[in-house]
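Two complexes follow with subunit A in common, the first pairing it with subunit B and the second with subunit C.
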Partner chain A sequence: MARSAALPRRPFPLQPRGAVVIAILALGLWSFVALDLTWAQVLPGADDFRQIGHFFSYAFRPALTFPAEDDVAGRAPLLVQALSAAKLTLIFAVTAISIAAVLGIVLGFLASTAWWAGDPSGARTTLGRYVRRTIAPTVYGATRLVITLMRSVHELIWAVLLLAAIGLTNVSAVVAIAIPYTGTLAKVFSEMIDEAPRGPSEALRAAGASPAQVFLFGLLPRALPDMAAYSLYRLECALRSSAILGFFGWETLGYYVKQQWDVGDYAEVWTYLYALLALVLLVEWWSGGLRRRFVA
Partner chain B sequence: MSDRAVAVRALHAARPRSTYVRWSMIGFAALTTWAWWAGDFDVADFLSPRRMANLERFLGEVRPYPLHGRPWDWGVAWHWAATMFTDGVRARAFELPSGAEAMAVTLAISVAAIVLAGIGGALAAFPAARTFATPQPFLPGSDRSKAFQRRAWGALLHGTRGLLVFMRSIPEYVWAYLLIGMLGISAWPAVLALTIHNTGILGKLDAETVENLSPRSLAALRSVGATRRQVAAVGAVPAALSRFLLYFFYRWETCVREATVLGMLGIASLGYALSEARVRDRYDDMLFYVLLGAVLVLIGDLVSAIARGIVRRSA
Partner chain C sequence: MTASAAFRLDRVSVTFNGTAAMHEVDLSIAPGEAVAFVGPSGAGKTTFLRLLNATQRPTGGCVRVDGRCLGTLSSKELRALRSRIGFVRQDLALVPNVRVIHNVLAGRLGRMGLLQSLRAMTFPSQAMSMAAHEILERVGIGEKLYERTDTLSGGQQQRVAIARALCQQPTALLADEPVSSVDPARARDTVALLTRISRAEGLTLCMSIHNVELAREFFPRLVGLRGGRVAFDDAPDAIDAAQLADLYRLSAAEMLADGA
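Presenting the complex of A and B:
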């Protein structure tokens, strides 16, 4: 008692940060109750445990060839099939990202404020004032709305919508991935453009450059390394998205994971999972190398 | 040549260059060209009259059911949406959860998953951080411990990192599909699928945070005799908490988005309602749940932005 009385009284010690942690834990508790989650459901019984162990034991011995009874004459070997599924996965991801990066730069430019807000030169002419006060904010608001809509719908849902509206074509797979990725890239690009150092653009503006010139030569070069690094990171995500499109009928890696899982051929499931792992790791390693060099 | 031109040339010649970056650019351009060429993309087929007729039929079917083949009426559409939101669909052959219930369940899945992943990621961050998983944590350059100790910690470090890589490389959707088969029907497969993938991501990000902590104060704690666990609890966790929380909310946004599709397993989430509506060709109902999912994602982004603002200010 005496000791605690000697200590200075601290004010209520809960920082806002601590309150956030407590709120998170309380919400977590709510979610468990709302979903009716009990530990008994997830702790496997002996039988389930054996099945799970059985599945994971194949992690150490993935299939490298088809079993003899499936090895019909004329069928391509398993590894060739895995490779072609990986190829299609890569193709969808790369084409979708290339569309999303180009559209993302255009929409990101329209959704950023750095090239028109606070531009003193724009206020000199009537037209400049009109552009700055009316047109630019309208374009900015409309673009924001469009990119928000694009990215708030998941690529799998875009895929389902396109399947119903157009059908199963390679173009619809790419479009399904490209729509939400364009939205995300545009949002992040616009933030990078707005947060790029303003020194060069101020100097260009002082020398009489137009907003387009300020963007192209003042803002874009400073933001470009970050944009490239982020696009590569999104390529990694696009590989995963492209793989799961296989669950909806395109013959990417997910197609075979689902097919082999459904017939209980775990060894082949692992073959395709490892192919996906290799693709993702390859891109992660590449983008990691680029990021290190951009930062240095 | 004028002085200015010379100066500009000199500046241009002195610009930073990297062969790695240059070859990456060339490689990426080549990869893109190859992908477009090898992808067998038939745009003419995509826009063919047959497909456009299909699109037109689809656009007719996404109109709310009471408005099929009738002129658009906001009152009727609004009434239909309100009924869907409060009651869902109760037909004789099947039923779809109400919009409100599907939204709440989807939100709960994302919250349960991110809380588990946040805890898992923070726990995995320490054995996955180079500065912590050594015989002498947070003390650079003073390692006189035995070789087997170094090797044991190295094994733990690389083992944890490898596990995290594996967890995050497999998409949530694949995890969910595999887990349904193993655990049966409950919300667990969806929750665990999101938890596994996001633990892999948060573990990596949190480990980088621990590695980037300023070593001074942590080394000082060590030098006055604090043990490994004490340094972690008193020094590292408080210093890293803000960043952990920022990553936590950033991943939660993604979790909400993913939770709108993970629902093919019989629990009344948006994904379930959506896929049920789809297999029954009820595209109007399907679009309703799609839009509800978009609203949920937007609310999630907003809440996350506010929470990240609070964390940033209090850091």
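Presenting the complex of A and C:
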């Protein structure tokens, strides 16, 4: 009888990926113990439930006007105030994203490998080799470091720093949002640029196009729709950041949410929360349509 | 019309990570000549074409275009030379989400400054648009000038890639397996188109091609490549069945790998 071929060696059931998942679960359990958490603390008690229920009961009856005692003469109606807070929230977010998108393209390009790595024609002269081997990787590395620094600090922390440095101005609010968002956009853009198919670039380079032309006409057109779609998505995130900046004194929606929360006027808190929800939904509805067109 | 390029390989070798893809090949191609490169996968056909437009550097020997050894050219001279050699890649390498006119005019980038190219790729002048249209007419899809490239069929996209190469106002056309991406009927059209245009404009044409029948029909000269060496180099009539069978025979190693 012919001997059948030996069975291929069976792999050990626990592969590295499985081990990592188990380790993460174990770490989660351990942190529970380390923090001295008990179920009683984690799960809300009857009292907490009452509080929560009280707050949420106002969800069905948000304030539409100021209470009579607050309604001093000359003060804009509540809904007008909510609208102007929403407007400022939107303006901060849009301005910050516009700045972040432009800077993100520049930094994203520098942080991509597309403009310097692996050009078969390049580096024929000593200077060319020096640029390719020393300068380019340095610029690339430095840009990536800057990008990481920008986005590893949260916009609220940038806001605190800028409050101290510039004060409570429109500029400080916009810059506080723009810095981390530039970092995130630049990182994602650099990946999109690097992931765009290299074929067209190689073909253009082979036809004698310069590196700048190759980037502009071979790579960028392919990456641009994705970049625009992602920027729009980040605009929605920027709206929330902009609203939260109100906690520090800028008169965006968050400002009034915190103010009314502190005095316990939940009805008005809900008014502003609904304004934020409406704003986010509106932008999502508008940008969703645009994004579908971009990536289609 | 423009002059056509002459190619000459002097004892050219190419080594990838220690394995030889091209072994001391001598070959010369006269201006205006049409040559088909046949041979099995991995024989070095693509490497050969890439040597001719200087996207592949030889590890030994010298590739000459119009008598000038490519290794001695400055990067500026090299860029000028490349801008005159049209290369139609197997994967076409078009930008899919732009209009056809942009892909065609991209062929002219090598001879444009940055500002000039920005204009041509956004708001091309009347003359530029007409030039692009005229080239598309020649490959038979003039009406597609303003279509989005990825809405075209595979065969039409291949014509866009050919138009881009022609827009370079080349002295030579190199085509890497232009028939592998289309069905048999279109394959014949494509080969006919490329040979006709090259002949009409006096361009040197080098094509790698799997389909030996098409090569025999359209080319006066066939070069058989196998294992990075020239197996034969002759007129189609002078090449017999035994030579062809030999060219495509599986090596002992390949037969073992196939379990035959």
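To be clear about the criterion, the second predicted complex is superposed on the first by the 272 of 296 C-alpha atoms of A that agree within 3 Å, B and C clash if a C-alpha of one lies under 4 Å from a C-alpha of the other, contacts with A are read in each partner's own complex, and residues count from 1 in each chain.
The rule we apply is simple: a contact is a pair of C-beta atoms (placed from the backbone, for glycine too) under 8 Å apart; a residue touches a chain by one contact, two chains touch by 3 or more.
Given the structure is predicted, the values throughout are model-derived calculations rather than measurements.
Trainee: Under the superposition described at the top, does placing subunit B and subunit C together on subunit A give a clash or a fit?
Mentor: clash
Trainee: Would you sort A:Leu168 into first (subunit B), second (subunit C), both or neither based on which partner it touches?
Mentor: Neither subunit B nor subunit C is touched by A:Leu168.
Trainee: Considering only touches as defined above, state whether A:Gln51 meets subunit B (first), subunit C (second), both or neither.
Mentor: first
Trainee: Taking the superposition as given, does A:Val106 touch the first partner, subunit B, the second, subunit C, both, or neither?
Mentor: neither
Trainee: Answer with first, second, both or neither: which of subunit B and subunit C does A:Phe217 touch in the superposed model?
Mentor: It touches subunit C, and subunit B stays clear.
Trainee: So, does A:Leu145 touch the first partner subunit B, the second partner subunit C, both, or neither?
Mentor: Neither: A:Leu145 stays clear of subunit B and subunit C.
Trainee: Could you tell me if A:Gly199 is touching subunit B, subunit C, both of them or neither one (first, second, both, neither)?
Mentor: So A:Gly199 only meets subunit C here.
Trainee: Going by the contact rule set out at the top, does A:Val257 touch subunit B (first), subunit C (second), both, or neither?
Mentor: The answer is first: A:Val257 touches subunit B but not subunit C.
Trainee: Per the contact definition in the header, classify A:Ala209: touching subunit B only (first), subunit C only (second), both, or neither.
Mentor: After superposition on chain A, A:Ala209 lies in contact with subunit C alone.
Trainee: Check each of 7-15, 115-123 or 223-231 in subunit B against subunit C and return the one that clashes.
Mentor: The stretch that clashes with subunit C is 7-15.
Trainee: Over in the complex, which subunit B residues touch subunit A? Could you list them?
Mentor: Its residues touching subunit A are 18, 20-21, 24, 31-32, 35-36, 38-43, 45-46, 51, 54-55, 58-59, 104-105, 107-109, 111-112, 115-116, 118, 165-166, 169-171, 173-174, 177-178, 181-184, 186-188, 191-192, 241-242, 245, 248, 257-258, 260-261, 267, 274-275, 278, 283, 286, 290, 293-294, 297-298, 301, 307, 310-311, 313-315.
Trainee: Over in the complex, which subunit A residues touch subunit B? Could you list them?
Mentor: Answer in residue numbers: 15-17, 20-21, 24-25, 27-28, 30-32, 34-37, 41-42, 44, 48, 51-52, 55, 87-88, 90-92, 94-95, 98, 148-149, 152-154, 156-157, 160-161, 164-167, 169-172, 174, 240-241, 243-244, 247, 254, 257-258, 261, 269, 273, 276-277, 280-281, 286, 289-290, 293-294.
Trainee: If you look only at subunit C, which of its residues touch subunit A in the complex?
Mentor: Checking each residue of subunit C against subunit A gives 53-57, 74-75, 78-87, 89, 91-98, 102, 106-107, 109-112, 114, 117-118, 121, 164-165, 168.
Trainee: Where on subunit A is subunit C touching in the complex?
Mentor: Interface residues on the subunit A side: 120-122, 124-125, 128, 197, 199-200, 202-210, 212-213, 216-218, 221-222, 225.
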